[in-house]
Amino acid sequence: MLDLSGIYPPIPTPFHPDERVAYDLLAGNLERWLAQPLEGIVMPGSNSEAAFLTRQERIDAWKVCVERLEGSGKRLIAGTGAESTAETIALTQAAAQIGAQAALVLPPYFYKQSLTNEVLSAHFHAVAKESPIPVLVYNVPAFTGIDFTPSVLLKMAEHPMIVGYKDSSANVVKLASVLSKRPDLQVLAGTGSALLPFLSLGAVGGIMALANFAAGPLRKVWDAFHQGRREEARQVQCSLAEINNSVTSRYGVPGLKFALDACGYYGGPARRPLLALDAAAREEILAQLRALGLCQGNPGQAGASG
Amino acid sequence: MLDLSGIYPPIPTPFHPDERVAYDLLAGNLERWLAQPLEGIVMPGSNSEAAFLTRQERIDAWKVCVERLEGSGKRLIAGTGAESTAETIALTQAAAQIGAQAALVLPPYFYKQSLTNEVLSAHFHAVAKESPIPVLVYNVPAFTGIDFTPSVLLKMAEHPMIVGYKDSSANVVKLASVLSKRPDLQVLAGTGSALLPFLSLGAVGGIMALANFAAGPLRKVWDAFHQGRREEARQVQCSLAEINNSVTSRYGVPGLKFALDACGYYGGPARRPLLALDAAAREEILAQLRALGLCQGNPGQAGASG
Amino acid sequence: MLDLSGIYPPIPTPFHPDERVAYDLLAGNLERWLAQPLEGIVMPGSNSEAAFLTRQERIDAWKVCVERLEGSGKRLIAGTGAESTAETIALTQAAAQIGAQAALVLPPYFYKQSLTNEVLSAHFHAVAKESPIPVLVYNVPAFTGIDFTPSVLLKMAEHPMIVGYKDSSANVVKLASVLSKRPDLQVLAGTGSALLPFLSLGAVGGIMALANFAAGPLRKVWDAFHQGRREEARQVQCSLAEINNSVTSRYGVPGLKFALDACGYYGGPARRPLLALDAAAREEILAQLRALGLCQGNPGQAGASG
Amino acid sequence: MLDLSGIYPPIPTPFHPDERVAYDLLAGNLERWLAQPLEGIVMPGSNSEAAFLTRQERIDAWKVCVERLEGSGKRLIAGTGAESTAETIALTQAAAQIGAQAALVLPPYFYKQSLTNEVLSAHFHAVAKESPIPVLVYNVPAFTGIDFTPSVLLKMAEHPMIVGYKDSSANVVKLASVLSKRPDLQVLAGTGSALLPFLSLGAVGGIMALANFAAGPLRKVWDAFHQGRREEARQVQCSLAEINNSVTSRYGVPGLKFALDACGYYGGPARRPLLALDAAAREEILAQLRALGLCQGNPGQAGASG
C-alpha cells in the first residue's frame, strides 16, 4: 500500500491580476516547495480555490505540478472531488493518467438532504472502483456541511482503494474511533494545529495550509514527536496556533496568499468574490510571521495581493 | 420594471439512463408545461440538478427552453449562479443573450467563513452591474448554508437590477422585514407550502418544485387568495403539504422526478450520486398524487426512474 | 375543547433593581393588559425570563395573575415546562390548581443527543396524562435547539389533552403539514411577524412578545384578515416588522422590557447575565415605537431599564 | 494556584426507582471511587443529570461527597452553573462553604441570541469576583449550544480566579490557541478519547464520564504519555474509543449508568424523560466492557437500570 505519511501543503492556485491562472508563477512556487521538508503537495485542496477552477484549469495545473515534481521523490495528491459521481471518476482518472500518486476526494455536498450515509458510501465506492490510484476521503464540514461519521468512514474504507482520510475538522474523538477499528488507515490532519494531537493518536501526517510557508516548524513538531521530545513538540506546535488561525478560519484564502507573499512565494490575489485583506489584517499576519522568523525581509510584493 | 409575478416550476433536467442530458425529452416536457397555468419556467434551479451540469449543458438547455417558449408569452428565468463572480457574470450574460428574461442567482457558498455580508453584497453588485437582465437573489440555506439577512438583501437591492429574491427557506419573518422597507421588491416563495402565507404578506408568486406537476392546484390557491376566498385558499394549500414535502425535503430530486413520471412527464433517473427511490417511497408518492387527482393512469414509465 | 384562539402576550417578569420579583408592579401591568384587546396572557414564556425563575417565583406570579384576571373573561396560559418529566407534571398540576386555563409546555432540551422523537413523545404523553388542563407544545428552536418535526407533533397530539402548539420559529411549511392532517389542532404563531401568514393557513392566533405593547395593531391585522381586507392586513403586519425584530431576535428581553417602559408599562431591568441596552439601541426602539404611534410621551422611566 | 491536574469522573447522581436521590448509594459509590487512581470527583457534571436536580439536591449531594472525601487527599470540583448570575454565585459560594476545592461553571445558555461574548465575559467575571474558590469554565456546546471562542476564554481568564476550562467538544485547535497565549491555564479534556491528544498539547488532565468505571486504563494512558511510551499510550487510548462513545454521545446518561451497574457500582435508572436502554444497547455495552476486562462478573444488577 502506498505510504502517504508526511507533511503536505494544499497549494494555492496563483492568479494574475485579471484572474487568469498564472501557471508560470505556479512553477516558480513549486521550485521553492521542492526545497522544503515536505513529502509532496496537494493540488487542488480547498485552499487552492478549487471551487473557482474549471476542469481544464485543474488539469493544466496538475500537468505543471507533475512536470516539476518529476524525479524529486515527492508526491502529488490530486484533489478530484466533484458534485457528480461521473465527474469525480473522470477527474480521478485524469489525475492518475497525468501522474498523481493519490486522490483526495471531496464529497458531493449540495443536495445535503439526499446525501445519506448510504448515498455517500455508494458514491465513494463507485469512485474507488474506477480509480487507478489510492483515494483519501476528505472531511471538511466547515465548507461542505457534510461531517462523516466514523461508521461511514469505516464503511467506505472497506474498499481497498480507500486508504484513509483527511480531517479538516480536527476531530480527535472521531480519529480514535476510526483507528480503534482500522489502525492501518492513513489519516492526515487537515489543519496545522492538529498535527501533534493527531500524531499522538496514530495519524500519519497532515495536509495543512500552514505547510505552504511553515514546513520547517511543522517538521520540527514531527521530529520532536517521533523522537520523544514531548515538551519541544508541544511548544513548537502551540507557537504556530495564531498564524494557523490567520491562514485558515480567520482570513481564509486571502490570508494564506498574503502570508505566501510575505514569505517569498507568489501569493497574489484570490478570485472574486473573495476580497483582499485590509491593512489591519495584513499587519496582524506580518507580525505573526515575524515573531516566528518566517517573514523574509520586506514583503514589498505583498501589496500585490491587496 | 419587469413584472415577475406568477407561478414558476424550476424544471428538472431530464437524463438518459447513461446520464447524458436528454434535450429531446426536455423539449417534450416543455410542450406540456406550456399548456399549464404557469407564467414561465426556471432553468436550472436546485431541482434541475444544476450542481451536476457543465456550463455547456446549461447553455444548451437554455437554448431548448427559449426555442420552445418563443411566442408563448411565458418567461425563462435562468439560474446563473456560480462560485466565482466572473463565472456568474459570464453565465448571466450568456443567458441574457440566448433570451432569458431574468436571472435567478445562487450565491457562492463554499468558502462560508469568508463570505461575509460585505463579500456577498460586493458579489451581487458586481453581477448586477454586468447583467443585461433583472436579477433575483436566491436564498436556499438548506443547500448552501448561506442565509441572507434582511439587511444584506436590502443592501443588494439598492442596485436597480436586483429586483427581488426567491426564498426556499420560507421565512415569513424575513419577508415582513424586507417588504416593510421595500414593498416594491418582488419576492417569490421557494417551496409550494409557502405560497399562500407569502402572498398574504405581499410576495408576488412562487418558484416551486411542486409547480412542475401541480400547477393547477397552485393556481387555485393563487386565484382563491386574490379573489378573497380565504377558506378555499387555505384548504387547497394545506392539501398540498404532504406531496410538497415528498418532492422537496423528504425525497428531493429523485422524488420530484418520480412524481413527474407519474403525472405523464418524463422524469427519469437523477445523476449519481443521487439514488433512485425505493418501492415504499414510490408507493407513498403515488398515493399522495392519487389523493389529489394528479396521477394520470398507471405510471408504467415510473419504473424507469427506479 | 377549550378554544384558545386569540392574541396573547407572554408577559415579562418585572424585577426590582436588586433582582427580586416585583409582584406589585406585575399587578400594575396586568391592569393595563386587561384593558387591551387580548384574549389572555402567558406566564411565564421565554420572554418572561422563565429560565431565571425559581419554582416558588413562578407559582407566586401565577397567583398574582389569576387574582387579577378573575372575572375578566381572559385566560391565563401557564408556562410549565422543565427539564425533568416529574417537575413538568408538578408545575402543570400546580398551575391548574391555582387557576390557569391551559399549559404551554417547553420541552426538555439539555440532553439533546438523548432527546429522540420517542423520548420527546413519551415525555409529552406523560405530562398530558397527568395534566388537568389542555396542553400546548412549545416549539422554540432558537432557544432550545429542539425543533419538533410535523410527525412528532402529530404523534403527541394523539393524546386528547394536547390541543396544539406554539411555534416561535414561524415555520409555515411545518404548519401546513400539521394542519393538513389535523385541521382541528390549535396552532399559535410565536412571533409577531408570523401572525398574518399563520392565520392564512388556519392558525388560531398568536403568543407574541409584540402583544405586550402592540395589541392594538395586532388586533387590526386579525380583524382585517377575518374581514377580508387583505391589503390592510398586509400593510399593518409589515409595518410591525422592525419593532418585532427589536423586541425578539435583535435585542431580546432587554429590548422588550425597554419597549414596555416606553409604552407606559413597567419594564425595568432584566436579571443578569442579561445586560441593559446601550443608548443607540434604546434610541432605535424609541424611533420605531414613535413611528407606530405606540410610544406614550417621554419615556422618562425608560432610564430605569438601562 | 490550586493544581487541578489529574483524572476526574463527573459522577452520576443515583436515583431510587421512584426518582428520589439515593444518597446512601452515592456514598457507597464514593467508597469505590476513593480506591481508584483518581485525583478527585466532579459533582454535578452534565452526566450527573444536573439539569434535573433541585438546588437542595445539589447541596445535599455535595455534603455527602465532602464527608466521604475528607482526609482522602482527593478533590471535589463542584458544578455550580445556573442560568442566572445570581444563582450561579449563590451555588458557588454554597459549594465552597461545604468544602469544594474548585467550581466547574456551566454558562447560561437559554437566551442564546443575547449571550454575546460581552455578556458571557461579564457573567463569568461577576462569578469569579464573588467566588471563594478557583473557577473552571465549562465548554460543552453539544448540550448548551454555546461554544466559547479562544478570545472569550482568554478574556475570562484575565480574572485570577478563573484558572482554566474543561472542553467536552475536544477541540484541539482551540486548545492550541489558548495555550499559546496562556500556557499557565489548566485545561481538562471533557471526553475520554481526548485525553492523550489534550495532554500532548499541554492540558493538565481530564473530567471524563469514562473515568467513572475506567480509571485504570485512563491512568495507563496518563502514565504512558508522561513516561514517553508513545505507542502504549496510543494503543490504550484507542482501545477505549468505543466504550467512550457508548457512555457519551451514543447512549448518554442511561448508557453511563448501565456501565456503572455492570462494573459493580450502583448506576440505576435515570430520571425521566431519559429512557432506559433497550436490550441491544445493553448487550453492546457489556461486550465492550468485557473486551476491556472492565466488566466484573455477571451484572445481575444491570437489569435494574433497564
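Order as written gives the chain letters A, B, C and D; numbering starts at 1 within each chain.
Heads up, the rule we're going with is that a contact is a pair of C-beta atoms (placed from the backbone, for glycine too) under 8 Å apart; a residue touches a chain by one contact, two chains touch by 3 or more.
Source: prediction; values computed, not measured.
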Shortest walk length in steps over touching chains, chain A through to chain C: 2
Taking each chain's C-alpha mean as its centre, the one farthest from chain A: C
Whole-Å separation of chain centres (CA-atom averages), chain B against chain C: 35
Shared interface positions of chain D, touching two or more other chains: none
Touch-based graph of the chains, sorted into line, ring, star, complete or other: ring
Pairs of chains in contact (touch as defined earlier), listed by label: A-B, A-D, B-C, C-D
Residues on chain B engaged by chain A in the complex (per definition of touch): 19, 46, 51-52, 83-87, 108, 110-115, 118-120, 122-123, 126, 142-145, 249, 251-254, 271-275
Interface residues, chain A side, partner chain D - complex: 170-173, 176-177, 179-180, 183, 191, 193-194, 196-202, 225, 228, 230, 233-234, 237-242, 244-245
